[in-house]
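Per-chain numbering from 1; labels A, B, C and D assigned in written order.
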Amino acid sequence: MTLEGLLPELAVIRKDFPILERTLAGGVPLIYLDSANTSQKPQVVIDTMVDHLEHHNANIARAMHQLGAESTEAFEAARDKVAAFIGAPERDEVIFTKNASEALNLVANTLVWPGERQVGPGDEIVITEMEHHSNIVPWQLLTQRTGATLRWFGLTDDGRLDLSTIDELITERTKVVSLTWVSNMLGTINPIAEITRKAHAVGAIVVVDASQAAPQLPIDLSAMPVEERPDLLAFTGHKVVGPTGIGVLWGSRAVLDALPPFLGGGEMIETVRMEGSTYAGIPHKFEAGTPPIVEAIGLGAAVDYLAHIGLDAIHAHEKAITGYALEGLRSVKGLTVLGPLDAAARGGAISFELDGVHPHDIAQVLDSRGIAVRAGHHCAKPAHARFGVQSSTRMSSYLYTEPREIDALVEALEYTRSYFKLDRA
Amino acid sequence: MTLEGLLPELAVIRKDFPILERTLAGGVPLIYLDSANTSQKPQVVIDTMVDHLEHHNANIARAMHQLGAESTEAFEAARDKVAAFIGAPERDEVIFTKNASEALNLVANTLVWPGERQVGPGDEIVITEMEHHSNIVPWQLLTQRTGATLRWFGLTDDGRLDLSTIDELITERTKVVSLTWVSNMLGTINPIAEITRKAHAVGAIVVVDASQAAPQLPIDLSAMPVEERPDLLAFTGHKVVGPTGIGVLWGSRAVLDALPPFLGGGEMIETVRMEGSTYAGIPHKFEAGTPPIVEAIGLGAAVDYLAHIGLDAIHAHEKAITGYALEGLRSVKGLTVLGPLDAAARGGAISFELDGVHPHDIAQVLDSRGIAVRAGHHCAKPAHARFGVQSSTRMSSYLYTEPREIDALVEALEYTRSYFKLDRA
Amino acid sequence: MTAQDLDALYQEIILDHYKKPHGKGLREHAGHTAEVHHVNPTCGDEVTLRVHVSDGVVEDVSYDALGCSISQASASVLYDLVVGKSVDEAMAIHQAFLTLMQGKGTVEPDEDVLEDGIAFAGVAKFPARVKCALLSWMAWKDATAQVVAGDGDN
Amino acid sequence: MTAQDLDALYQEIILDHYKKPHGKGLREHAGHTAEVHHVNPTCGDEVTLRVHVSDGVVEDVSYDALGCSISQASASVLYDLVVGKSVDEAMAIHQAFLTLMQGKGTVEPDEDVLEDGIAFAGVAKFPARVKCALLSWMAWKDATAQVVAGDGDN
């Protein structure tokens, strides 16, 4: 079957991902619909890492020998690739962390300490009810520790941000607005530009969690008008076909320079004396210790791979698959999708409920047919609470997903209904 | 040539490390003497990572499907392997971080916040003048931020801890003693048991930086008498033939339970509500976000590899090579070794000065002959300052180092002397 | 898992308990009771469980649980197995259930002790689901320990 | 690097400047001066450098430097090249040296402008050493900018 917008070379792309050849217990082939959780890795990412480990491995920056120079060059080239991937105004504004969670904590953690941007009692931090726990807990810790107040954008019934309260939420007291670009549970794409403009008008900084956006939306920070450009943006390597152990924090030089150091140690210093130390400039200031070298290099290969296919094409593919999936899911009796129903206005993660079957049980039946989905709260408990559900089942596609996999999902959901004898109850 | 104590299967072991086949510019074979900076990786570590990425990749804990179960099992098995490697009393006391630096910062960072162990004005933290920057800067940040005082063990002229001041340093005011087990610059092996006993007697906790110890000394925490067992111990994956992007913090359950959370986010929570969150037990409490999954799995393979060869055998090998190297270096005119001269009492990192040539220039000449050493301050500026030097050259061996590589180093140092015409000056 | 594994997991007995759980709901009691709230952090399953003990006998176990079929059914089976037993007997049953669940599918359950609980033998093969089956049992143990220690209301 | 590269890096001129650096030492001056301290964080090389400008002319550059042959020689060459020149001329020379060093070995140096500085062409091929060569030049630019902006002592 062909669908408008699908990647033309889909069969070729699938060949790039060795795991897609896997068969599971009972000889069932794998149907991987859990890419919002973590994406699969193309051969080129794996090979790049292997080549590094087998031929160029050395510590970076500090090593003067040839392996050290090769390793440093590969690591810094990865920074250039990531900078290009998000259109960063400056390559030194790209900081490597271990995942998106660390990137978000880096920001929340350093805002506690003396500096231009220090947060204190009376200040307000605004987040949203659809955030991933990694963009909630750091701010809860920050506000508990500083006496600042945490405020929340609510959600509309169809899973969008409720912007009707924006003027009460974003005020002169607001120091930081932190929100996700694309929801990992509801799929919602948030109006980052509008909110950033509003936050900047009151002098607040904006942190964008791009963990779900980076895999599927073209991002070009340089092309954004400054008023609408977030000050900080985080994403995670393993969701953009890169390895685990690597994440990215991009920040404008002005804001990063104004933050005090996060972790202290090797590589982040200018000089260390017993009486006190001074720190290196960005990006090194925030990269204490031996960084995830081979992981950064793998991430460089990953974003190159995505860029080669083209983020516009990937986005179109996601939209096509998501639209097809929404349609298919609608045909299943008793199934309710949480979040926007318009494929054009959302990302590729679709969470749903099926009357009478708990998400774990759905996932288990699906798994017996080789279909991998996620069941649970997807690290978004407040969003689940908002919709009065304790957990949900989530399917999430990516550039390697085929329509026939969606067909298999829909069929397996029908099977689940019959397995649990829902029509007899 | 054979030397007492060398690993019997040295030639076979070398074959396990693909990079050792590398030739450099001009066809010169690689002589890698920079293992204290980062170690090379055996094929089994690389293959384990590739197998995971190609066949089992999935996010852990949260994923209920077969790939998720395989990935979780492999990740948690890696924790068991690491626990066994250091003889941890409990496997849940092993926390995965991104490197040793993060592990040390985790401790220094959480001691700032309310909890049984909170540090405040008047409290004292004791470290030593031979620490790596990663075990200095976190404590400088902690003391600056809490009003506590940082105190230092000095060094003797032959590069050992000056224990004569121990009674003035470790007192009722001491809350934490943090020190390296083996110095990455001087090679010194510190009397951890003695210092821990002393610190415990005054109720202080002891943090041991085992970044250089873990690669070469057998560690068995369970076998240590409790009074002499450190409370926390950190090391880094890339120095124990594992990948970058992974480090370990071991801590006794009692101390880890008493520390507040470090980074907030997915996986470290029990429940998240808008009004506040509660946290999971160890180890998850300290593992926010998607952990370095494939890196932990690679580290598991790495410590298994080392354990298979045997840490006693590796330690004996290191001693033999270090003794041989100390002897060879002594033959070079104008060369001074910094640190203890007795191979039995030190680790395998040997830093030295060569009269009349700057360390960079030495490293450069060595590099033209394929010999990789480190030149600089080795992230130990206070220790360099203590010995009145700004930088030094460091050779460091590991389980794959052969005596002929030491011969090549000595010969290249002679060549360096002639290249810079030292005898004519 | 295969389709066969699936059937081993979802035994009829489990599905029956799931559809018609025994003892569900929170009940008030005079005397020694303790209430606990346990959560499975990974999936969000929750249980609030109250234990009422009198003269060393488990008089009632009442609970409010949100979760999958396995976790619901296991609370129901727990209720059947421990109510009316002495605390010691009940703890022994708890131990038998724990042993079964942690046995990775290798432990042969004793029907005399575990009754409907033997249906959970299939669950033991799925590490991800063992936590579901144990949620209410762990909560029960915790609450009972509190009553016995006198921490509960009395 | 090969033995040939090594010779390209350590040209005689560089080694001569290293052994007998020109203008080394910190000197006191009345009038417009500024002092800066720069460090190469990776290797620890350090320079304290003082610039004395009068009537738009670089009257003196005095320095105290700890570092390798490349960094020492480049401070010496810097001294030769900029002292006595107008600030504008000196800045142009600085720019030419910078271009050479950042050219990865592809830039052909102009001997009329850079004099002994052309010996650093070989260094440009070694990224790890470019920083050494630039340390004092960056310090000089920083200090000179401060004097010109009037931030220095006067």
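What we mean here is this: contacts are C-beta pairs under 8 Å (C-beta built on N, C-alpha and C of every residue); 3 or more make two chains touch, one makes a residue touch a chain.
Because the structure is a prediction, the values reported are computed rather than measured.
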Distance-maximising chain from subunit A - centres being C-alpha averages: D
Top chain pair, ranked by number of contacting C-beta pairs: A-B
Centre-of-Cα separation between subunit C and subunit A, whole angstrom: 37
Distance between the centres, which are taken as Cα means, of subunit C and subunit B, whole angstrom: 45
Junction residues of subunit B - those touching two or more other chains: 25, 62, 64, 66, 68, 269, 271, 360, 364, 367, 375-376, 381
Sequence positions of subunit D contacting 2 or more other chains: 1, 42-44, 46, 126, 129
Partner subunit C, residues of subunit B touching it in the complex: 61-62, 64, 66, 68-69, 72-73, 269-271, 280, 284
Residue ranges of subunit A touching subunit B (in the complex, touch as defined): 18-19, 22, 24-25, 30, 32, 34, 37-38, 40-41, 45-46, 49-50, 53-59, 62-68, 98-102, 104-105, 108-109, 113, 129, 132-138, 140-141, 144-145, 152, 236, 238, 243-247, 261, 263-269, 271-274, 276-277, 288-295, 360, 363-364, 366-367, 371-376, 378-379, 381-382, 385
Residues of subunit A touching subunit C in the complex: 25-26, 28, 358-361, 364-365, 367-368, 375-377, 381, 384, 390-391, 419-420, 425
Residue ranges of subunit D touching subunit A (in the complex, touch as defined): 1, 39, 41-44, 46, 126-129
Partner subunit B, residues of subunit D touching it in the complex: 1-6, 9-10, 15, 19, 42-46, 66-70, 72, 126, 129, 132
